[in-house]
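There are structures below to look over.
The following pair of complexes shares a single chain, subunit A, combined with subunit B in the former and subunit C in the latter.
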Partner chain A sequence: MAVYRKKKHTLLAYLFFAPFLVLLLIFRLIPFFNSIRMIFYKWDIFGTPKYIGLGNFTRMMSDKVFWASLWHTVYFVILTVPPIVVLSFLIALLINSKIRFKDFLRSAFYLPYTLTISVVCLTWTMLYNPYFGMIGKVMKFFGLKPISWLTDPFWAMPAIVITTVWWTIGFCIVLYLAGLQQIPASYYEAAELDGANGFQKMFFITIPLLKRVHVLVLVTQIIASLQIFGQVYIMTAGGPAGRTRTLMQYIYEQGFRYFRMGYAQAMAFVLFLVMLVFAYLQLRLMIASAKEELV
Partner chain B sequence: MKRLLVVTLLLAFGLLALAKTTITVWTFFSGGEGFLVTELIKRFNAENPDIEVIEQIVEWGQLYNKLTTAIAAGDPPDVSVMHLVLVPDYASRGALTALDNYISKETLQDYVPEIAAKARYDGKLYAVPFDTHPLVLYYNKKLLKEAGLVDAKGEVLVPKTWDELLSYAKQAKEKLGLEVGISSEIGAMMGDRLFIAYYTQLGGQIYDEKTKTLKFDLEKVKKTYEFMSNLYTSGVMKPMTYDTAESLFQNNQSPFHFNGVWVMAVYPTLEGLQFGVTNLPAIAGSKPYTWGDSHTWVIPKKPKDDPAKIAAAAKFIEWFAKNAAEWAKAGHLPVLKSVLNSEAFLGLPMRKDYAHVAEFVVPAPSVKGWLEVRIKMWEIGEAVILGKMTPDAAAKELVNFAKQVLED
Partner chain C sequence: MKFKRYLLTAFALALALVYLIPLIWMTLASFQSEKDILASKWIPSKWFVENYKIILQRAKLRTWFVNSLISATGATVGILLVCIPAAYAVSRMEFPGRKILYLLSLTGFMIPTQAIAIPLYLLVRKFGLVNNLLGIIIPALPSSMAVFILSQFMKAIPLDYEEAARLDGASELDVMLKVILPMSLPAVVTVTVLHFTWTWNDFFWPLIVMTSDKMYTLPVGLVALAASDVNIRYGPIMAANVLASLPVIAVYIFLQRYLTRGVVLSLR
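And then the complex of A and B:
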């Protein structure tokens, strides 16, 4: 009897899933497998694809721009993710505490996230203008020489990182706030009764109990940052001297500008594998912490 | 009864549709420019009751991606706007309809020859240009006067050679305590546009007629990079973005400014900016050749040709080119000689000062793969300007890259 009921439930579940599965198949899975096939072809979009085996990969191996773009992408991730994780956690703590103007702060940090990428990038491009931008004026006020952020080979990438952190941090703050509010107040009360100080409460209650949020923020930010495209495209177009060209931009250039769809697809596949590793890592860590909580 | 009404209505609409040929046009013009296109299309529709042109505005950065995929999917618009520089990349792949049989001889003969030549690929006409937008020199009259750069009559001195430009820029910069003598963006403006201008003035060619391929002259490329590098090491110019370069000029902080003619839609409206516009300076003994690109109309290839539709589309794009004086309000130069010399065009503010630049425009070569070389040129130019690459190494890199792209 029990088995029968279970079967019936599964069938019903699949029935409810069916519309979604069909759409997933048509718009995601079929194109996905098609694109996997394309990595073995030379294809200029208009003509017929020509099979070249692993040609696209051998090309990639010797393509200096590919390696440079891959490095710039990783560099962007290294510069972006730690400040996002740390700052969003600290800001969430601040907003969650008993300070004044909480609502104002919460809105102020979240609002940038609602802006479109072009608005964000144009605003920051203006701020970075060394002669008329606010940042340059502040630097001059303190007797410093303004930096030409977006055309300086050293500062161009950090400038994009600052813009990105400012733009996207609001989302992570919300995740942390949700996590913080789930920690029962009784834990802190009990700890206080035992004479725990703020430091102990932070490191033995708050941080460990937010483990799932840490993993979520960390991994989603890594995956998002690996796909960095828009900010670079609008603010520096990959310059100066190609120093901010990321893998996504190179894939775009190769595929849509230079009509090398197969090659672009092959590079996208590499990026996909890298992201897959992180997605898998997230899954494992989430499962592990979920099990821990059950114990 | 109701059904009868529906059928009658359907029939009526059907007849109406039959009487009119509908042409969809993709453009990426917005703001002040976009308004002009929309107005022109309205006028065309009013003058041609048998054709209805419907404009669909696609976001500037998205048009080519969408067009490429639409052609590949067999469902492109009837007409699309396309930069002249991109025509070879699409024409060479069979993505455009050849227009030789659709555009009248008189119109074709009326074209500025350099532009008409580049609208062809492999001898066939694939695009109908309706403007050209060259790189020109802007100068700030107020600053030049303050720096004492005036002739006996009190008119500001307009540099005719590069040496004159450099010495005027230096003098104005030092006398007025400015950050720069000339403001310009370092990527496209220097690495591609100014490069082509100076290199051509040196007598350099990019395209080899004999072998029908890209070919740079190593020595002249090197000289061009040396010239570019010198602009920055001498302190006359500083690395900056497009926005910074514009804001310096617009705020009376830069006596000279390199930019395209498209800014003429805006600069004359800025209060407090007294400026002039002229052709780029020239190397002694050379004409003031300059970079220029064009907006063109193309007819994307469809799985099945519909001659009636193509004819209607061709009628529209030829009409548009002939009526480009209106479009020139956006700053661009017309490409038909009759329009270029018309009172309607020359009567626009300051157009007389730069209309002659049309004769010195050097469009990009008609070769597949030029876009890739162009991006490389921006990169190499920036590396030279930032002192990360010597002119010698830069020249070798560019020459090699051009070869490699063609082999691919």
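And then the complex of A and C:
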């Protein structure tokens, strides 16, 4: 009888899991294996795919636009991730300190993150406008010469970075706040009894105990930044003179504008390999936190 | 000490104000005439509601709004329907292969949509779901994030509740729906808020799947509108931005307390 019950139980568990599994297979795993097959083919979507071995990769090697796009992606990550980590940590510390209106402040800093990328980018495009944009007006007020942010080859990428940091920082603040709330107050009290100053408390308690959150924020932001597409597509379309064209923008152009499916997927595969390192770290982190929960 | 606290509060509020300037400007500009905007004004010289009238008369904007609403709601409800039983199975049932299935459910984290966009697009096209809201909804359903958050939460619920219900003759389905699900509400709300806003705000996938402007979602439509229509300039676009932002802000304000709790708990 017990065996029968157990069997029924197992069957039911599989039944509960089945819809998710089937959808996962069809919409994640099969496309993933297809993506690996596609990188060996030349295909313009209309004709039949032609096997070309590593042809897509040799082409990539000599494609200057590919290398420029790869560099712009890395450049974007380098410019975006450090300010996101540092600023979100500092703002979370501020909100978590002994101040009033905490709920309001948390919501205020989270608000931009709830907005769609189009709203964010269209608004910032107008703020950056060299003729009537508010940023130029403020710069003039301080005696600075306004910059034509999005059409200047040097400033276009930093402009996209500023918008991105502003847009995404709220989510990281929430992660840091969650981490800060879990540090027992007794640690600080004990440190105070030993005569620790604020600086020592920060560097010997707060920062080390938030190690997991630092890594989580770092890893998730690197993954997100490597995939940057929308901001570039909306604000500069890759310009001026291709100076903001990131890998995802180039993949989109090759795949969905010129229908070079194999080539575009081969480049997406390179991006995937770069992301894989960080995605693996993220998964490790999540499983580690899951295991801690079981203890 | 008290003075220091006031000073810090004042500093935080000032910082928040500066941080929100782009949104404040967006809202103010939505009430400005083109002349005011081109003259870089903060406060409109006359509150100009025309922008909203112009943008609301656009039949397409309404269509995009409905498209966004259907796809975000559909994806969220679908994710809950598919992921709650899956999370329940891997977190509260004992069966051979449980660990493998749990790890498999997390593989979605390793395969971002952008890495498989092209084969996924070809698959969706094969199913005839291009220019169809189901082309947005169905690929979103197997969410590793949803299974992760839900199963993390469900694992932490003590076995006693479940056993008491079983003694009263509850079936497995009863236990899931009447015992575990109500107790997992913060996790369910977290999954709902995250996936609703993610789908509502997604730009990349709808841009690829929707080729006819009648099928655009709000984010894709707004960008197309700003890029294409010379008659609709700055003011009406900002009005459209305000209108597009209201639903997600409402969802956030309504559910924010649960959200922070859910994030805290899944971080634990």
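We adopt the following convention: the second predicted complex is superposed on the first by the 261 of 295 C-alpha atoms of A that agree within 3 Å, B and C clash if a C-alpha of one lies under 4 Å from a C-alpha of the other, contacts with A are read in each partner's own complex, and residues count from 1 in each chain.
Convention: a contact is a pair of C-beta atoms (placed from the backbone, for glycine too) under 8 Å apart; a residue touches a chain by one contact, two chains touch by 3 or more.
This is a predicted model, so every value here is computed, not measured.
Engineer: Between subunit B (first) and subunit C (second), which, if any, makes contact with A:14: first, second, both or neither?
Structural biologist: Only subunit C; A:14 stays clear of subunit B.
Engineer: Applying the document's definition of touch, where does A:100 land relative to subunit B and subunit C: first, second, both, or neither?
Structural biologist: Only subunit C is touched by A:100; subunit B is not.
Engineer: Thinking of the overlay built on chain A, is A:203 touched by subunit B (first), by subunit C (second), by both, or by neither?
Structural biologist: neither
Engineer: Would you check which partner chain A:256 touches, where first means subunit B only, second means subunit C only, and both and neither mean what they say?
Structural biologist: Both partners.
Engineer: Which partner does A:154 contact after superposing on A: first (subunit B), second (subunit C), both, neither?
Structural biologist: A:154: touches no partner chain.
Engineer: So, A:115: does it touch subunit B (first), subunit C (second), both, or neither?
Structural biologist: After superposition on chain A, A:115 lies in contact with subunit C alone.
Engineer: After lining up the shared chain so the two structures overlap, which partner does A:47 touch, if you call subunit B first and subunit C second: first, second, both or neither?
Structural biologist: Only subunit B; A:47 stays clear of subunit C.
Engineer: In the superposed arrangement, which partner chain does A:123 touch: subunit B (first), subunit C (second), both, or neither?
Structural biologist: Touch status of A:123: second partner only.
Engineer: Could you say whether A:132 touches subunit B, subunit C, both of them, or neither, answering first, second, both or neither?
Structural biologist: both
Engineer: Applying the document's definition of touching, compare subunit B and subunit C: which contacts more of subunit A?
Structural biologist: C
Engineer: Both subunit B and subunit C contact which residues of subunit A?
Structural biologist: 45, 126, 131-132, 233, 256
Engineer: Taking the complex as given, what residues does subunit A use to touch subunit B?
Structural biologist: 44-47, 125-126, 129-132, 148, 150-153, 233, 236-242, 253, 256-259
Engineer: If we count contacts the way the header does, which residues on subunit A are in touch with subunit C in the complex?
Structural biologist: Touch list, subunit A to subunit C: 9-10, 12-14, 16-17, 19-21, 23-24, 26-32, 34-35, 38, 45, 91, 94-95, 97-101, 104-112, 114-119, 121-124, 126-127, 131-134, 136-137, 166, 174-175, 177-179, 181-182, 213, 216, 223, 227, 229-230, 233-234, 248, 251-252, 255-256, 261, 264-265, 268-269, 271-272, 275-276, 279-280, 282-283, 286-287, 289-290, 292-294.
Engineer: Provide the residue numbers of subunit C that touch subunit A in the complex, in ascending order.
Structural biologist: 5, 8-9, 11-13, 15-16, 19-23, 25-26, 29, 37-40, 42, 81-83, 85-86, 88-90, 93-96, 98, 101, 104-112, 114-123, 138-139, 141-142, 147-148, 151-152, 155-156, 172, 176, 197, 200-201, 203-204, 207-208, 218-220, 222-223, 226, 234, 237-238, 241, 244-245, 248-249, 251-253, 256, 259-260, 263-264, 267-268
Engineer: Inside the complex, what are the residues of subunit B that reach subunit A?
Structural biologist: Per the touch definition, subunit B meets subunit A at residues 61, 64-65, 68-69, 71-72, 89, 93-95, 179, 186-187, 238-241, 243-244, 247-248, 251, 253, 369, 371-372, 375, 378-380, 382-383, 386, 388-389.
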